[in-house]
Amino acid sequence: MNPSPNFNLWLIPVLPLIGSAINGLVGKRFPRRLVATIALAFPGAAFAYALWVVSQFASLAQAQIPHIERLFPWIEANGFRVDYGFYLDQLSVTMLLVVTGIGFLIHIYAVGYMAEEGGYYRFFSYLNLFMFFMLTLILAHSYLLMFVGWEGVGLASYLLIGFFFLKQSAAQAGKKAFITNRVGDFGFLIGMFLLIKHFGTLDYDKVFSAVAQLPVETSVGFLTATALLMMFGAAGKSAQIPLYVWLPDAMEGPTPVSALIHAATMVTAGVYMVARSNALFLHAPIALRVVAIIGALTAIFAASIGLVQNDIKRVLAYSTVSQLGYMFMALGVAAFSAGIFHLVTHAFFKALLFLAAGSVIHGLGGEQDMRHMGGLRKLIPWTFWTMTVATFAIAGFPPLSGFFSKDEILWKAFSDRTHGSWVFWLIGWITAGMTSFYMFRLWFMTFFGERRAPVHEEHEPAGGAHLPSSARADHGHQSGVQSAHGHGDHGHGGGVHESPWIMLGPLVVLAIGAALVGFLGVPEALGGSNRFDQFMAPVFHSSSEPARSAENFAATEPQKSENPEEEKSLELELAAASVAIALSGFGLAYFFYVRRPELPDRIANNVRGVYRTLLNKYWVDEAYYATVINPIVDGSRSVLWRGIDVGVIDAIVNGVGTTSKGLSGVTRRMQSGSIRSYAGWVAIGAACVVGFMIWMGLRI
Amino acid sequence: MTIGGSDKLDLTHYIIFAIVKIALLLFILLTAVAYIVLMERKVIARMQNRWGPNRVGPFGLLQPLADGIKFILKEDIIPDNVYKPLYIAAPMIALILSLVSISLIPFGGDWKIAGYHIPLEATAFWNGAGIQDINIGLLIILGITSIGVYGVALSGWSSNSKYSLLGSLRAGAQLISYELALGLSLIGVLILAGSLSLRQIVDAQSGSILHWNFFGGFQFVAFFIYIMAAYAETNRIPFDLPEAETELVAGYHTEYSAMKFAMFFMAEYCNMVTVGCLATLLFFGGWHSPLDGLNIPVPGIWLLVSPLFWFFIKVFFFIFLYIWIRGTLPRFRYDQLMAFGWKFLLPLAIANIVVTSFVVALRS
Amino acid sequence: MLHTILFLIFAGICVAGALNFLLQHHPVNSALSLIVVMGALAALFLLLGAEFPAAVQVIVYAGAVMVLFVFVIMLLNAGVEEQTRGSRVASILGIPGLIVFFALMYWTLSAPRSQMASVHIGDYYVPTQALGIALFREFLLPFEVTSVLILIAIMGAVVLARRERH
Amino acid sequence: MIPLSWYLILGAILFAIGVASFLVKRNIITIFMSIELMLNAVNLTFVAFAAQWHQVSGQVFVFFVMVVAAAEAAVGLAIILAVFRSRETLNVDQVNLLKL
């Protein structure tokens, strides 16, 4: 196809798969050290190989991008053909680095974090399996192969959320995540079917070139429909309204899982998918607008819930949801590179936040409720400092990474005349304030003030680590080991301990990353040259230029205004505004949780209604139960089960059984076992045969 | 019986000749049997250092006659609880079959009497060109001997006594087992002659003594096997377990007396004669004189007699061999008998076939 | 002429023996009448010019197989068979079926439309050599296969008849 | 000088008698022998056809039939022995169960 060299891209996904296979099949016999070695070696190798590939990729000529490697025909049905192949361009390179790099770090961290848990080999087998599917997802060269990875990561996430499967809530959460994702995947599937119907192919390059030929759809046509269905799938995977409900519960999984899958990589798959399909979305502006709206709503909605949560991981979960909303908002305003940029930075600081939170929980012996923390600054300094970097980064303090990416998004939302609008900017701005507030609330409650001893009974339900030891003692071979997390006294006594270095190392690396990656995308306004944007340009401009030129709705003049000076000043003002709101959030949190710690409760009492609403997440889950789940369950039970299954299917089966039984009861008499009766049958049969043959002979 | 070119045959003449020949043959055979018995008793007596029968007539030569009379005049006892039809039929079957098989034996060429060519064989005839005999005479003889089992088996079973039954069971097993060895031992000869007709087999050996299958054809192994198997077939020592006096009184004919017993007796000796004739025909050149090669001038009448002379000499030798072995060897044990038949004779016979066929194949 | 006479004689013997086989109640009698049938059949074979099959018929069937049967009868001391009432199917279905079968056969065979050759004695005579050649040339494979079959049969018989020791 | 159909009809008669005896006989050995009778009838037919078509194959088939019959007799009689050992009867009407 193209003269570019062969990178053997297939190696990248396959390496973790090998690791997973080894651990999963024979890991049970291995000592933990060996399991850990295997679990680290293969993703590490994948990471190294990915680095090499990227270095090669940098040297590719512009013409050779996207670089496609087809391995073998996978499906061939007349005319329709899907190859098993890989697709490398700036976007997938970026994702590749993020996934392999951060994934590898989190693996290292997990080795320390899971050290005393049961089912060690199982955990790492799943984790490697996830890496395999995620890499397949981002390297796939066709929607179908992407879907394979898409489902695969869903599976891995299900397995890992339910990792402590002896705990009811964990198992439930796993099922919830899985089913919710199925709902989204359904949309994705229909979208793919539409693509096949209209273009007869699912390969990116073919689909995009085909789309580029079509005019921009101003009304709802099949492009819009496809795009919306895709968006629905993305919403499922990336926890957007209305399908975000599974992500907070997914925190039942071990913390590294939350960090890797439910913060850094998997949940961004939706973002990646939409960005990948930018051509499609740019030709369906309505769909694009829907994306923006959903993103914005999700952002502010989740942030508002996050304000009042007490479980440290839940706060982070809602913050993840809202940040994802940010990304979708970016995509929605056609600021794809900005979205991806935020994806990258967010991967760093959110992974860091989760890992640090995990380290805190680890140090407190399984404590997750922030109301029982406090004053940990001195006790676990490394965790504290890395957490601090992450907090400031996400809150959007310059010059940390979060600032640049978020500011980019806000600016695009405000400035892009075709797709953006000041409403999005406003929502984003407020969300930024909320983000800053709840993050600092978390920060203060955890590390400042003095320890608040836990009250036992309400402390029970919290925490992924508070299991019956049998749950951890998975597959029996671990049953002797009592996890440090399980110990009551260990956690709540003074014995708070800093995590081992194998956990702190990744924290530090991520902290540096979270601090610095922002400088990849310093906007012109701040005297930088937005390198990330330029790097990404080929992927998005190639398709977006015709779209922009072909704009005919929303009064349009060329999108860059005539006087760049004014632009710059405006951008600066906006940046200042966002910094300001971040600061105010910081101040507010300081005032509430350091100066006047009793104040929040009083406010909560004053506006009980609002507070409870937020605390109970707007009763969305209950609403879903009332509207969707219960009807389905009842319907299945009364109609499908009692009615159809028992009444029809079983009836048929049993009917067949009884009839054949009766028949055989009759015919059984033929098989009397008496040779002579058999001989009688044979004789009559022979007579018939001879008669037939003679008849045939006569007819001739 | 396949009669090639039946038009050349005058059926009535054929039938007349056949009847005459059969009558003669029967007379000679039965007399021979009687005197073979006498000879056996004498020889055995000599071997055991006795005199043997010497009262009736000179040297007891009339002894067989006396025995015959006694057999005929004795009361014919039929025990109760025997299965009568078979009890009566059994000895007849035995005797008839043994007599039939002799009718296929050629004793020589043909005599020209009153313009008629008369082959010295009960079932052969002159078809104008040459002597026509049964193409598969040998097979028929084998068939008849194989049927001969029934006489023994049925007699033992029908007489409803445990000794007889055991005897006949043994006989049945023994006959079936040794029939294989017997049949296989002959195949070497058949390969050499390329025919199943006894005459052609004999003609194939014409010439000097060196053309006899035993010497020229290197069939002495086959001959050894044949003799062993034949002795077993005729229930003679050392294979006379079916009538082992020490174990089973008298075996399958324990319950028989008088003429029925005599029938079994005659059947046994007829079979001995048949075996001797076959051995002569198959391995020792039939009626050909050993001196054929070196042509010694002889009177014409001698040419007429010599085939019969040589033939009977040879058969006599085999009869004597029977008696000689009887006087010499002890009896086998039953398992030894079976083992000998199945594990030694049979493989040996097969080996002989393989070797012979190789030799013939190489020669042609 | 001669052929007809001989045929009638031996065919008569055959049928008589078969009927006797059918009517006798004692296995031994049945066996003996069967032997008679086989001997007569051998004679018929000779009339048809098949001398080797005739001889083999006598040697193998009459001489070996039937001896085996008689042997077993003696061994198991099988007496007159008792007339038990088994399934009625045999008589209800079998006999009519049999009759129909035979009727059909007879009808077809005796019909003039079945152009059957008529034979002299010896107008088709197969020398043993010809049979052997046919057997070892064109029928070599079946021949070998039957040898394998016999080997298997021997082993099976040995295994089955061996009285297992406890 | 007789038509071959006589031989064939004779074969049919023998075969029919064999079937009949198979149907009416109770003694398993006799039944077995009636099978032999049928085989013999078939042999006769083979030979007759050999004479009709002047083909050796018919007689060769007779040969094979005999071989098979011999093998079958050996195995069958062994089976009969085994059955008799376990049932102490030769009556097929009493041997109509697979397990004792």
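In this document, chain identifiers A, B, C and D correspond to the written order of the chains, with residue numbering beginning at 1 in each.
The criterion applied here is as follows: contacts are C-beta pairs under 8 Å (C-beta built on N, C-alpha and C of every residue); 3 or more make two chains touch, one makes a residue touch a chain.
No experiment lies behind these values; they were computed from the predicted model shown.
J.: Can you identify the chain nearest the overall CA centroid, using each chain's own CA centroid?
T.: That would be chain D.
J.: With chain centres defined as C-alpha means, what is the inter-centre distance between chain B and chain C in Å?
T.: Chain centres of chain B and chain C, defined by C-alpha means, are spaced 29 Å apart.
J.: Using mean CA coordinates as chain centres, what's the gap between chain A and chain D in Å?
T.: That gives a centre separation of 79 Å.
J.: I'd like the Å distance between the centres of chain B and chain D, where a centre is the mean of that chain's Cα atoms.
T.: 33
J.: Give, as an integer number of Å, the spacing between the C-alpha centres of chain B and chain A.
T.: 103
J.: Which chain D residues touch at least two other chains?
T.: 19, 23-24, 26, 92-93, 96
J.: Where in chain B do residues touch two or more other chains at once?
T.: If we look for residues of chain B contacting two or more partner chains, we find none.
J.: Do you know which chain A residues sit against two or more other chains?
T.: 672, 674, 676, 679-680, 683 - these are the residues of chain A that touch more than one other chain.
J.: Does the chain-touch network form a line, ring, star, complete graph or other?
T.: The chain contacts form none of line, ring, star or complete graph.
J.: If we count contacts the way the header does, which residues on chain C are in touch with chain A in the complex?
T.: My answer: residues 86-87, 89-98, 100-101, 104-105, 107-108.
J.: Considering only the defined contacts, which chain C positions touch chain B in the complex?
T.: Residues 2, 28-29, 32, 35, 42, 46, 49, 51-52, 54-56, 58-59, 62-64, 67-68, 70-71, 73-75, 121-122, 125, 127-129.
J.: Would you tell me which residues of chain A are touching chain C in their complex?
T.: Interface residues on the chain A side: 672, 674, 676-677, 679-681, 683-687, 690-691, 694, 697.
J.: Looking at the complex, which residues from chain D come into contact with chain C?
T.: Going through chain D, the ones touching chain C are 1-10, 12-14, 16-21, 23-27, 29-30, 32-34, 36-37, 40, 43-44, 47-48, 50-52, 54, 56-57, 59-60, 62-64, 66-75, 77-82, 84-85, 90-94, 96.
J.: Along chain B, where are the residues that touch chain C in the complex?
T.: It comes out as residues 1-4, 6, 11, 83, 85-86, 135-136, 139-140, 142-144, 146-147, 149-150, 153-154, 156-157, 165, 168-169, 172-173, 175-176, 179, 183, 194, 196.
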